[in-house]
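As written, the chain order gives the labels A, B, C, D and E, with residue 1 at the start of each chain.
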Amino acid sequence: MQVRLEQVTKTFAGSKNTQATAVKELDVTIASGKLVGLLGPSGCGKSTTLFMIAGIHDVSEGHIYFGDHDVTALPSDKRGVGIVFQNYALYPHLTVWDNIAFPLLNAKEMKKRLKQRFAELSPPMANFKAYIQRLVEEAAKLVELTAYLDRKPAELSGGQQQRVAIARAIVKNPSILLLDEPLSNLDARLRVQTRDEIKRIQKQTGITTVFVTHDQDEALSICDEVIILKDGVLQQQGPPQEVYDHPANQFVAEFLGSPQINLVGGSIKANKLYLGNEEWFALPESLSDQPVNIGVRYENIRPDRENRKQAFEATVTSIARTGGTSTVQVRLADGQPMRLHRDSDDVLQEGDRVRLYARPRTVYIFNAEGEKILQC
Amino acid sequence: MQVRLEQVTKTFAGSKNTQATAVKELDVTIASGKLVGLLGPSGCGKSTTLFMIAGIHDVSEGHIYFGDHDVTALPSDKRGVGIVFQNYALYPHLTVWDNIAFPLLNAKEMKKRLKQRFAELSPPMANFKAYIQRLVEEAAKLVELTAYLDRKPAELSGGQQQRVAIARAIVKNPSILLLDEPLSNLDARLRVQTRDEIKRIQKQTGITTVFVTHDQDEALSICDEVIILKDGVLQQQGPPQEVYDHPANQFVAEFLGSPQINLVGGSIKANKLYLGNEEWFALPESLSDQPVNIGVRYENIRPDRENRKQAFEATVTSIARTGGTSTVQVRLADGQPMRLHRDSDDVLQEGDRVRLYARPRTVYIFNAEGEKILQC
Amino acid sequence: MKTQFARKFAVYLLLTIAVSLMLVPFYWMINTSLKSSVELLRTPPTMIPAELRFQNFLDALIKAPFLRYLSNTVFVAIAVVAVSTAVTVLAAFAFARLRFRGKTLLFFAVLGTMMVPQEMLIITNFMTVSKLGWMNSWQALIVPYCINPFNIYLLRQTFKQVPDELYLVSRVDGVSHFRYLQKVVLPLSKSSIVTTMILSTIWIWDSYAWPNLITTDDGKRLVSNGLQNAFTSDTGRIQYELQMAAATMVIVPLVLFFLLLRKYILSGMDKGGLKG
Amino acid sequence: MLKKKAARQARYDRSAYLYLLPALVLLAVFLLYPILNTFLTSFKNEYRFLTGEFAGFGLQNYADIFKDATFGRAIINTLFIAFVCIPASMVAALTISLLLNAIERWQGFYMTLFYLPQVTNVIAAGLVFAFMFNSNFGLVNTVLGWVGIDPVAWIKGEGIAASPKLYYEAYARCLFILFVYTVWQGISLKIILFMGGLQNINKQYYLAAKVDGTSSWRIIRKITLPLLSPTTVYVFITSVITAFKAYAQVISLFGSHYGPPGDDSKMMITLVGYMMDAMGDYLTPGSISKASAAAMILVLLVMLVTIVQFKLTKKRVHYN
Amino acid sequence: GGGNGAKGEAGASGALEKAVQAVVTDKKDVTISFWTSTGASNLPFLERMVDDFRTQYPNIKVDFSAQGRVDELAKKLTQNIVSKSTPTLSNLDASTFPEYIDSGAIVDLQPYYADGKIGFSGEEQADFYPIYLDEAKSFGPEGTLYGFPTNKKTTDVLVYNKTYFDGKGWTAPSTWDDVVKDSQTIKDDTGKPGFSFDNSYGDAAFKLMSQQWGSPYVAADGTADINNDATKDALAFYKGNMTKGYFTMPALMPSAGGKTSSNGFVMEETYMYVGAAAGVPFAIPNPKAGQKQFDLGVAPVPQKDPAKPVALSKGEDYAIFANATDEQRVAAWLLIKFLSGAEENADWLINSGNLPIRKSMLEVPAYKQFLASDKSDPKKYYMAAAVKAALATPMTYDKVTAKSGDIATETGNLWESVMIGGGDIASLLSQAAEKVK
């Protein structure tokens, strides 16, 4: 199912007669069957957007469509979405099993659909209860909770609780799945595993899925598209690699990429790009003279072994190894810092003078307002 | 302050007369003034350990020492620790300001200490209230919440709530700081920033800090030491790079490192290591013949351009670009998969046959029980 | 450690003192119920009956058809508790959770009815009931008790404390309001619901004027009427020892009822499934 | 704009009326209708209950009431119960509840004991209080004797009609007895309600505060009480409303003439007492409507007080 | 409201005859309901009488039930009048009658009383103590009989400590002067007040004494007449003796409290009191309860002027409700008549201590035997003594009015206020008179 937000705005009435606009005139289309990541800094309106799609928050202005259907006024129980809350929202009095089975057993629509599916089952199963049991167990297995089905939420660790919430959302096979930071409390292994599993389920069933995350790795590795918000305003939407490679503005460039992109001051003078005071390369387009910020990602800066013309000089100030790679900190001629990545076993030493280069197409040029004015 | 756990065990009485051992005979010493990361899969007992240190959970067996002082029976309010709960535990009826100021204004000990510090302030401040105000504001600024001081928790986003909890723990400058996944809901930028800030504060004040995280990057980049648990049992303790480079067993090797370490089946025959069926290299030590698991990290596998003897052949099956690097999936001669990292702009193609090698000292050999039997 | 103990001790001591003070009338009731009519008149009164006269209980039972009154009361109480709990829960849920027009107004109407003295309503209600032809009927004893604004207010207050997220997630899952009420709100609000049930029961147990007015048939009397009427002589003198013996017997079911439900009152609202 | 409004409307839960239906029907029949009837009756002059005849509508009944000095006394006494006795019994109940909440062992046992007065027979309670304040051998005087205080004649009316000083002394003593009785009477239920409320507070908050080294007293003040506020407001509002309807306790303590023997001013009368007296006189024309007028004034007063309470407490009540 | 009454009058005799024919002759089945305020201890005796009636009239089904104290019963009746669901027959307090009559809620019994077939013969009518019928006749207008005396009649008597009196060589005082004289000696002798007057009915002392002193209490036109010199004198008399410590009140006795003197009396906190005849058993001392053993004496109430004795009757009367059909009325009347039978009442009177309402009752052997009880059964003995004392003085009644209840409350309060509170007699009297106007 396609989800379309049309000029959607959400304003909260604060406790002291103040108003907070959490989402502003958001225009976004989420194509049917896609897995879309919602990214942005804390407090940018991700959860709010999700809640509006789910029908939990009223839309202050604008419209939301599921397919061709305007659901703006549709109550949440009629929207047929599945959701994982950022704070889990498990039923505290129910066991894990009951929590997962809750939507199956207690939603009329759902039950009808399940009964039908049960009837069409091949090979057929003996009874409906066993079918439910199987569904719950499958979901539990997926999130590795099979051993905990009898426990109450209070007896689970944080990550285990989160997994129950995921199982509960997935078990009902919704037509739209909304996940609010579903993996934030999981360890790396389980995280990768669960996200791959979500991806698999999503692919298999074609559920349109919106996925809030603050982890770009996650976003970049499983999402078909990402939507990037800042202060409730849409910044960019597109396939993750596309957005990564072609950030729409300085914010996106800075936000995506870990470690953060290198940003150094520079300027355009007579259609030439200056890195600090040093001339770097000539621009393919003509742009007015102005001070600019130049963004280059770590991995796009390499030692220049071929003596390229466009290389620039720097001094290694420190080297930090993290896991398999080293982060090398260098200083440009005018003192601006920059970082690059090298393999851990590279032979650079502190104090070395190196020549570095980056291909022009990996260099983003932003004006003073943070708008991207050029990427070759 | 040094924290020492001696044979600490924690057993929960479950709801149905069952017993769950969350932590088992844990022997750990956290050196004074260190920042220690507590790692392990979800449900392995991290929070439980933290709660026992804080005095929130009673210890079922064993002893906990702060310095030379046995605190096992000391109530939590006498322990002088600061804590961030995994689920924040913000006071719902108080504003952000009040939440942060809560420990400053409501603990007698604390207030006494603050008054003293206030008296010794240079330059001196006009009144104590202003001093508190300043402390709260500093903490709020640190977590970028200055604009939200008047709000109640319910009016904050998930990440904002988490930041309040961090500010509340940090503001009181505790002698031991316990953080339970304090950054799980923050976006990458804020995450890096906050963790650096925590590191800075920790360094500056010398607070012994225990830090639960599921993010190894985090652990590896800021922790002085990491402690790795599995099912409540200590697996390894040591400086992060040390643990990364010299995992004590297969579990640790698998757990640390993202993406996960390559593990391929092999065997030892006549003191030679076989990768699948292919002979790889001779072992420097003599070991009995046995089937083994061989672990090699992604970044330690490289295309062999120098035609080394110890290289092995593989076929590229797929290439996935994520951000700045590509993950290359290859198949060994006997069909076992392996992955390696390359720069995104490497020229490998699917179907290419490549020769790969890894230095022997980056190769871990585990026996069938998952114990490490050799790392050259 | 020492202060810890001293503190605990002080708490128990205070509670014990408070409990003793509270229980004086209760003790007096039992004390009186075991005295002979002769000893009852002794001045100053004896603190412990010189001779425990359990005969009083038998006498009380013989004097009035107490078992009948008691079973009547139990029947009415069960009916009232069942119906009024249903009515109250539904209304309280609507007030606590649902959105509808006129909510504030209706809620204030409910609150408003709490303010009118019950005694004033009896006159009109008597007319209503007699017009309905309910005189001397079980309905007349049951139906008017099935609405209690105090309980609606109490439950609304409790229901409001169930975390919003639980409601939201069940709505998103397509769970109907009723199901949500049944499966989530009720289990989480056990303690308050049980409290209202106990209050309703006590209400029935203690109510005197209305049942007295509406029943003229001895077969439908409730215990409170029995208590008042059975032990009063024509000269207005009351046989206290019998009355107290009867009173003691009458409250036994209430105490048992409370003991049975006590653990629910102390169960509280589980909030373990939420972060934040 | 129009469209937006339509959207809003659709978000109303229509089924709400279904949920309310049984309650509203019963409410209308057994509460609202009688209230309306009372309201009408209060304006009927010379209303004769038996025949329903009356001499037109008017404010005569209200005028009569306001001319009556007894009515003023009823208001004062009622306010005393509502705003002196009730707060005191709330504080006592809250204190006991907090103590109860602080213990684990025996908690249920103590709860049960505290609950017993709630089921104790009203007559037994009345008897025991009369006995407790008996001037010769009452418990209170006995205890006072232990600490060397002379016995006090608690419910004593000698000479009070002749001497204002004696009258007010007697009045003060009666108020004291009423105070003790009212506090005692309401405490059980309040403890039950408070305990329910306390159990609903997430223990996590206590943990967080405890780790910070917050003293128990501070925790109570800064966390327990604010989070208990919905219960407290409920208890307060309903207790005050109940207090305004106080009647049985003054009757059981002071008899149907509302005072010590020798007093004919009905010094301890309450609003409902006033109403009941008028109602008790139901055969006298005009009497029932006078009672109705008193009831309406009572309702008006309670409503006023309740609204003020709501306004005052609204900001302080915390729901999650 | 008066519809029923009007109909009753229009076709009175014809309808009555028809109904009598149906019930008595044709033995047509008819069901009546009968409510009583009789307390639990005496109820079985009344029940037995009703049972006897049922046996005698198998075609009349009687729903008999006790409905609590007389004031509760009255409240209930009033409600049921409004909702037109009254019982057929009930007993009522005298003060209830005027308003019930006024609103046509009850039936005039005169036609039944005088009926040739079911009424009372002249001889039978003369058998009743006239006071009771006169009082019933006084409820309504001239010539009507809206009530009919029940068998629950009593009056106040003087109870005294006979052992003490015998010790002094005294007999029971018959005048107030005697009472004062004896009290003075008692005071000097024991330091205790000699006399107390129950105020369990609130207004009893006020009513009795003011009338003995010559106040009309209720004027001929039915209005209250209490603010007069006679009343003032009576009050001043009692008050004066209280000040001297000769007289007391129940509320002032340590052991009594409340409104009855008997508890103080058995503790010898006083030596005489005036109270209800039926309450005499409570004045018997019980050594097991730590009380000193002494004998009682029971005498008629003291008088101001023995030549013009005043003693007040207390009790209830039957009424038949207008709601009832003609046949039910006849049946109810038959029950009333049955319940006033002499033989029938013996057990009731013996056990309840109430006064006989017919002279012939005194002749019933069982009752005769009761009156002759000796001390071996102290309770019976003293109850009989109380009956004898009560019968010794001719009784009177006060005409009831719609305001009777008010007057009683006011004067009751006034009495306490004067005697205990020390209030000023004149001003309190004028206030009270104002209030009951």
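The working rule: a contact is a pair of C-beta atoms (placed from the backbone, for glycine too) under 8 Å apart; a residue touches a chain by one contact, two chains touch by 3 or more.
Because the structure is predicted, anything quoted here is derived from the model rather than measured.
Asks: Provide the labels of all chains in contact with subunit C and in contact with subunit E.
Replies: The shared contacts of subunit C and subunit E, listed by label, come to D.
Asks: If you walk touching chains, what's the least steps from subunit C to subunit D?
Replies: Minimal hop count between subunit C and subunit D: 1.
Asks: So which chain ends up in the middle if you average the CA atoms?
Replies: Smallest offset from the overall C-alpha mean is found for C.
Asks: Just curious, how far off is subunit B from subunit A if you go by their C-alpha centres, in Å?
Replies: Centre separation, subunit A to subunit B: 22 Å.
Asks: Need the CA-centroid distance for the pair subunit B / subunit D, whole Å please.
Replies: Inter-chain centre distance comes to 59 Å.
Asks: In whole angstrom, how far does the Cα centroid of subunit A sit from the Cα centroid of subunit E?
Replies: That gives a centre separation of 94 Å.
Asks: Two or more other chains touching the same residue: where does that happen in subunit D?
Replies: 11, 136, 204, 320
Asks: Going by the contact rule already set, what residues in subunit B reach two or more other chains?
Replies: 75, 86-87, 158
Asks: Two-or-more-chain contact residues of subunit C, please, as numbers and ranges.
Replies: In subunit C, 43, 123, 163, 271, 274-276 touch at least two other chains.
Asks: Given the complex with subunit C, which residues does subunit D contribute to the contact?
Replies: Of all residues in subunit D, those touching subunit C are 11-17, 19-20, 22-24, 26-27, 29-35, 37-38, 92, 96, 99-100, 102-103, 106-108, 110-125, 127-129, 131-132, 136-137, 139, 184, 187-189, 192-193, 195-196, 198-202, 204, 230-231, 233-234, 237-238, 241, 244-245, 247, 272, 275-276, 279, 288, 291-292, 295, 298-299, 302-303, 306, 319-320.
Asks: So in the complex, which bits of subunit D are touching subunit B?
Replies: Touch residues, subunit D against subunit B: 204-205, 207-215, 218-219, 222-223, 226-227, 229, 318, 320.
Asks: For the complex, which residues does subunit E have touching subunit D?
Replies: Where subunit E meets subunit D, its residues are 1, 71, 75, 78, 81-82, 95-96, 98-100, 102-105, 249, 251-252, 254, 257-258, 402-403, 405-406, 412-414, 416-424, 428.
Asks: Please output the residues of subunit C touching subunit A within their complex, sorted ascending.
Replies: Residues 163, 165-166, 168-176, 179-180, 183-184, 187-188, 270-276.
Asks: Using the touch rule from the top, collect the residues of subunit E that touch subunit C in their complex.
Replies: Residues of subunit E touching subunit C: 33, 35, 38-42, 65-69, 72, 75-76, 79-80, 82-85, 87, 152, 200, 254-255, 260, 263, 266-267, 276, 278-279, 282, 286, 288-291, 352.
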